[in-house]
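Going by the order they are written in, the chains are A, B, C and D; count residues from 1 in each one.
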Amino acid sequence: MANVLGANQYGKAENRVVRIVRDTPRHEIHDLNVSTSLRGDFGGAHVTGDQSQVLPTDTQKNTAFAYAKLHGISSIEDYALALGTRLLDVTPAATQAQVRVEEYAWTRLGQHAFVRRGGEVRTCVVTVGRDATHVVSGLQDLVVLKSTESEFKGFLKDEFTTLAETDDRILATSIVARWRHTGTDVSWNASYDDVRDCLLSTFSTTYSRALQETLYLMGSAVLDSQRSVAEIRFSAPNKHHFLVDFSGFALEGTPHEGLTNDGEVFIAADRPYGLIETAVTRDDAPPAGDAWLAVPGFV
Amino acid sequence: MANVLGANQYGKAENRVVRIVRDTPRHEIHDLNVSTSLRGDFGGAHVTGDQSQVLPTDTQKNTAFAYAKLHGISSIEDYALALGTRLLDVTPAATQAQVRVEEYAWTRLGQHAFVRRGGEVRTCVVTVGRDATHVVSGLQDLVVLKSTESEFKGFLKDEFTTLAETDDRILATSIVARWRHTGTDVSWNASYDDVRDCLLSTFSTTYSRALQETLYLMGSAVLDSQRSVAEIRFSAPNKHHFLVDFSGFALEGTPHEGLTNDGEVFIAADRPYGLIETAVTRDDAPPAGDAWLAVPGFV
Amino acid sequence: MANVLGANQYGKAENRVVRIVRDTPRHEIHDLNVSTSLRGDFGGAHVTGDQSQVLPTDTQKNTAFAYAKLHGISSIEDYALALGTRLLDVTPAATQAQVRVEEYAWTRLGQHAFVRRGGEVRTCVVTVGRDATHVVSGLQDLVVLKSTESEFKGFLKDEFTTLAETDDRILATSIVARWRHTGTDVSWNASYDDVRDCLLSTFSTTYSRALQETLYLMGSAVLDSQRSVAEIRFSAPNKHHFLVDFSGFALEGTPHEGLTNDGEVFIAADRPYGLIETAVTRDDAPPAGDAWLAVPGFV
Amino acid sequence: MANVLGANQYGKAENRVVRIVRDTPRHEIHDLNVSTSLRGDFGGAHVTGDQSQVLPTDTQKNTAFAYAKLHGISSIEDYALALGTRLLDVTPAATQAQVRVEEYAWTRLGQHAFVRRGGEVRTCVVTVGRDATHVVSGLQDLVVLKSTESEFKGFLKDEFTTLAETDDRILATSIVARWRHTGTDVSWNASYDDVRDCLLSTFSTTYSRALQETLYLMGSAVLDSQRSVAEIRFSAPNKHHFLVDFSGFALEGTPHEGLTNDGEVFIAADRPYGLIETAVTRDDAPPAGDAWLAVPGFV
C-alpha cells in the first residue's frame, strides 16, 4: 500500500484582463476575468519537487494578457480557444488546458466613455485537449422574477411538512446556466444573444408549476432554437419572497383597519434558499467527455 | 467623574421590502432595502434597562412593510418621509427618525415578469426631526470608465515618489454620490433622472486632469441643473487599471516580435485603490443641520 | 451664487502591508490593511486641475510600505502616528493626515510558520493635524453570543407591534468598538488587551435587559479600567436567532410525538437585523475635535 | 430527436441551524450551515409539473432543524448521516440524499457565553444512497503562511515567462481540504482533530519546492495517520505576497539612504492568484462511487 497522486490541475485564477481597442476614435472595451488551468502528468512537481515540466502560473497570466492583444477578443469563446491551445502547445506534460472566462458588459456613453451595465455576466469554459476540444458557454447572475402565474402544490408530504399549497406566489431566481456546444464552428456572439432571448422569453411567457418545470421549459426552448447546443445545465436558487403577515396588527378602530396583503408586500429572504440544479439534453447528444470536468456548479 | 451616555441611535437595518402593485394585469415592482433608526432620549434603555420608551426594532420593521402598502412607494424619498414621520410620531422619546433606502431597478419582460437591471442603485437618507426634515438623495455602484482623455501629471513629489507622469490613462471609478435637497417639494423621480444624466454626460464629455477635477465638474453640473440641490458629495475609488508590461517578453525572432502595448491591455486592480471624497456646494446653501449625521461614507 | 468646493480628502485605501521581522530565526509577522488620507487646501486639484499640491496616492502607498521597515510596527497605533506625521510633513497644503489600520492576527506554528487566527480584527484611526493629534483604537468582527440571561420586555407598543415579550432569548452580536485616547503616551498593546478583556468579561458576566444596556455596561467597564480612554463607541447588530416553531408538525402517534423546543433550536437570520449604535463617555472627557471625522460607522 | 431531462437534484441550501444544549447550566453550542439535496427520478416535476414525488425544500429545512433536536449533533458527520437517511426514507423517488454541513467554532467565555473563534470552518459532505453511503469530511478557510523555507525554481519557460527564480519567498494559502472515509465507523471528532494537526504540522515543518509538493506532503501525512481515509483532495490558492520594490526611491543623501528590503516588506495581492487543486490517494482505495458528485471545488 502506498500513497499516489490523484487528479490534479493548476493555473492562474481571476486575471482581470481589460482590452481597449483604439484603432479609431470610437474605442471598444472588453472587460474579462480569465482563469486558466493545466492538467496532465505533473507528478514531478508534487512528489519530487521537480518543476521542470511546470509552466508557471505567472507565465499563464502573462499569456492571458498578451493574447488579449495578439489574438484579440472577438468573443470570449474564440479568445479562450486560442489561449487554451497556446498553453497546451507550450506545456508538453499537459494533456488538457481549461480556460474559464467571465465578461462584464459596458454601455457606451461616448466615443471613449462607458458605464458598466450590470445584470448578467457572460461566461465560457473551454477545455482544449490533445484529441478533443469542448466549449461550454453560459451566463450567471441573471435575476428574474414573476409576480404571478406561479403555483406550488400537490407535493409530497410527511409529518414535518408545514408548507401551505399556493396557487399564486412570486417566483424569483438568479440563474446560472451553462450550455455545451457540439463543435466550435459557431457564431458565438449571435448564439449567446439567442440563448439569452430564449431564456427570458420562456420565463416571461410560461406558467410555472415549479421552478423545475420552468427551468426545463427554458432549457428546451434553447435546444429547440440552437441546433449546435447539445445540452444545457442550470443552477438556480429559489429566491424566496415571503408574503408579510399583516393579520397580527391591532388595527381595529384605527385609520388602518382592514389592512390586507393580497400578494402585494413581500420580504425577500437571503437564507435558506431552495436550490434547483438540472439539465436538459438532446437524446442524441454526443458524449460530454471532459467538457464539465471541474466546472463550478452542478456536475 | 462619571460615565455618561453619549450619542446613540437604534433601529432595524436592511429590511428587504418588495412591493408588487397589481391593480391591473400590468404589475409593477418596487424592490427596496430599508433601514430605520431612532435618536433621542433613550437613557433608560441603556442605563437602567428600562425599555418603556423603546419602540422595538421589530415594530420598526413591521411599519416599514405596512407602509409599503398603506402609503405606497411613488418614490423612495416620498416613502421614507412617510415612514420616518410615522416612527417619530409614535415614539415620544425620539427627537429624530432616520430612514435609509436603497432601490434595485428591474426591467420589464412582460405584464408580470421582470429581469433585474443591475448597474447603479438609487438611494436616499431622510432625517425627520421635530423641527426640521432633511432629504439626501443619491446613488451608488455607478461604475464608469473612460479609455482616454485623462491625464495625471504635475503633482507634488518627495523621495518616495516613483509614479510616472502620464498624458493618457484609463480613468475608472465606482461612484457613490449623495445630494442634499433644500426642501421636500421636489419631483423626486424626475430630479433623480436629471442628476444621473448630469453625472454621466459630464463624465463622458470632459477632459480629466485628476479624478478630483472630474468629480468637481460633475457636481457643478448637478448644482447648475437642479436648483433645489444645495450640495452634492462624492466618494469615489480610483479603480486603477495598470498598463501591462510586455517589454520583458523574449519575442525576438518569434512570430510575436514587436509586440507593443499602446494603451490597449490593462490589468484591473482590486487593492489598494485611490479614494477621493469631495463635496461641491452652493455658496448660499442653507445649513445642513443633521442631514449628514450618521450617513455612511464621507462626512 | 456660485459653486464652491466643500469638505474633501483623498488618499490610498487598503494597502495590504505584510511585514516580516527576520532578524533571528524566529520570525514575526505583522499583517495590516492600511488606508491613508490627506485633508486641507486642495482647491487647485479640484477647480483648476493643478496637481502641484497633491502628493499622489501612489506615493502615500509607497510611504506606507517603506515605513513598515523604516519605522517598524511595534503597534498599529505607533506605526500610524509615524506614517501620518510623515505624510503631513511632506504635504504643505494638507492640514490633517488620517491613517486607518486593520490588523489580522496570526498564531505561531513554528519558527517561521503561522496560521491565521480569525476572530476579531484590531483597528485604529489616527488623525495627525498641525496642532492636535488624535488616536482612536478599536476592534471589529468580535462575534459574541449568550444563550440565556437575556430578556427583552416592557417596551413601547403601537398598533404595529407584534413582538412577544421574552424572559429568555439568545443575545448575539458582532461588535465594532472604537475608543478614543486622551493622549498618545499609551502602551498600545497592553491597553488593547485590557479593553478586549473588559468587553468579553462584561458581556459574559452581566444579565442583559437589552443590547443597549449590555453595550453601556461594556463601555463603562472599559472607561473604569482604562484611565486614558475618554470615550468608547459601539456599532452592534442584533444578530437575531429565532426559535424554530415545532408546533406545526403532525407528530401525533409518531415516534417523535411531544417534540418541543425549549430554547434549544434556533435559526440564525441574516437580514434584517437590529442595529444599536451608542457611546459611553466620561463626563470630563476632553473635546473630541476631529478625532471621529470620516470614521466609518457611528458618528 | 427529442429533449430529455438530464442529471438533476434539488434541496434547501444554507439552513443556519443553531443548537443550544442546555440540560445543565453549562450550555453548549453547535452552529451549523446545512444544505440538503435529493436526487433521483424527478421527471414529473420537470416535464409535466407534477409535484407528487417532490418533498418540498421547505420540509427539508424543517427536518434539518427538527433533527438538530431529535438526533442531536455529536458531530456534523453523524448528524448529516441521520438527516440524509431520513430524507431518503420519506422520498420514494429519490435515489440519493446529499447533506453538506459547515460548522463554525465558538470559544467558551462562561457557562452560557461564547465568542466566535474564527479561523477554519469544519465541513462534511455526506451522500446517502439506497445501496451505498459516503462520508467526505473537510475544512476550509485554513489560512497558513511560511515566511521562509519556500523556493520556486527550475520551472518550464517560454517566451512569455518573466518570473524570476527564487530561493526564498513567502508561501501562503487558504486551504480547502476534503477527505473521503472508507466507512462510517469513525470517531469523527477525533479523526478531524488529527487530520487538522497533520496538515498544520506538515506545513510547518517541511521545506517547500512548490505549493504542489507541500500539498502532496500534507495529504500523505494524513493518509499515513488515518487508516480510514481513502483519499484527500485540496483546492489551495497561492496567495501571492510580492516583495515591495524599494529601489526606485530617491534616498541618496537622505536619512533613509540605504533602505533595503531583504524579505521584510510584502504586498499581499488579491487577484490573480495561483490555484492548485490536487489529490492524494491510497493505491488500494475503494472506488469513490458518487462520493464527490456535485461537491464544490475540485472534481
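Simple rule for what comes next: a contact is a pair of C-beta atoms (placed from the backbone, for glycine too) under 8 Å apart; a residue touches a chain by one contact, two chains touch by 3 or more.
Small disclaimer: the values here were computed from a predicted structure and weren't measured.
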item	value
Those chains which touch chain D and also touch chain C	A, B
More contacts between chains, B-D or B-C	B-C
Euclidean distance of C-alpha centroids - chain B vs chain D, Å	37
Centre-of-Cα separation between chain C and chain B, whole angstrom	22
Chain B, residues touching no fewer than two other chains	15-16, 62, 66, 160-162, 249, 256, 270-271
Residue ranges of chain A touching chain C (in the complex, touch as defined)	159-162, 248-251, 254, 256, 270-271
Touching residues (chain side chain C, partner chain B) in the complex	1-16, 35, 37, 42, 45-59, 61-63, 66, 90-91, 152-158, 160-163, 209-210, 212-213, 215-216, 219-220, 223-224, 231, 233, 237-238, 271-284, 293-294, 296, 298-299
Touching residues (chain side chain D, partner chain C) in the complex	15-22, 27, 29, 31, 62, 65-66, 68-70, 106, 109-110, 112-120, 141-149, 170, 200-201, 203-205, 241, 244, 246, 249, 256, 259, 261-270
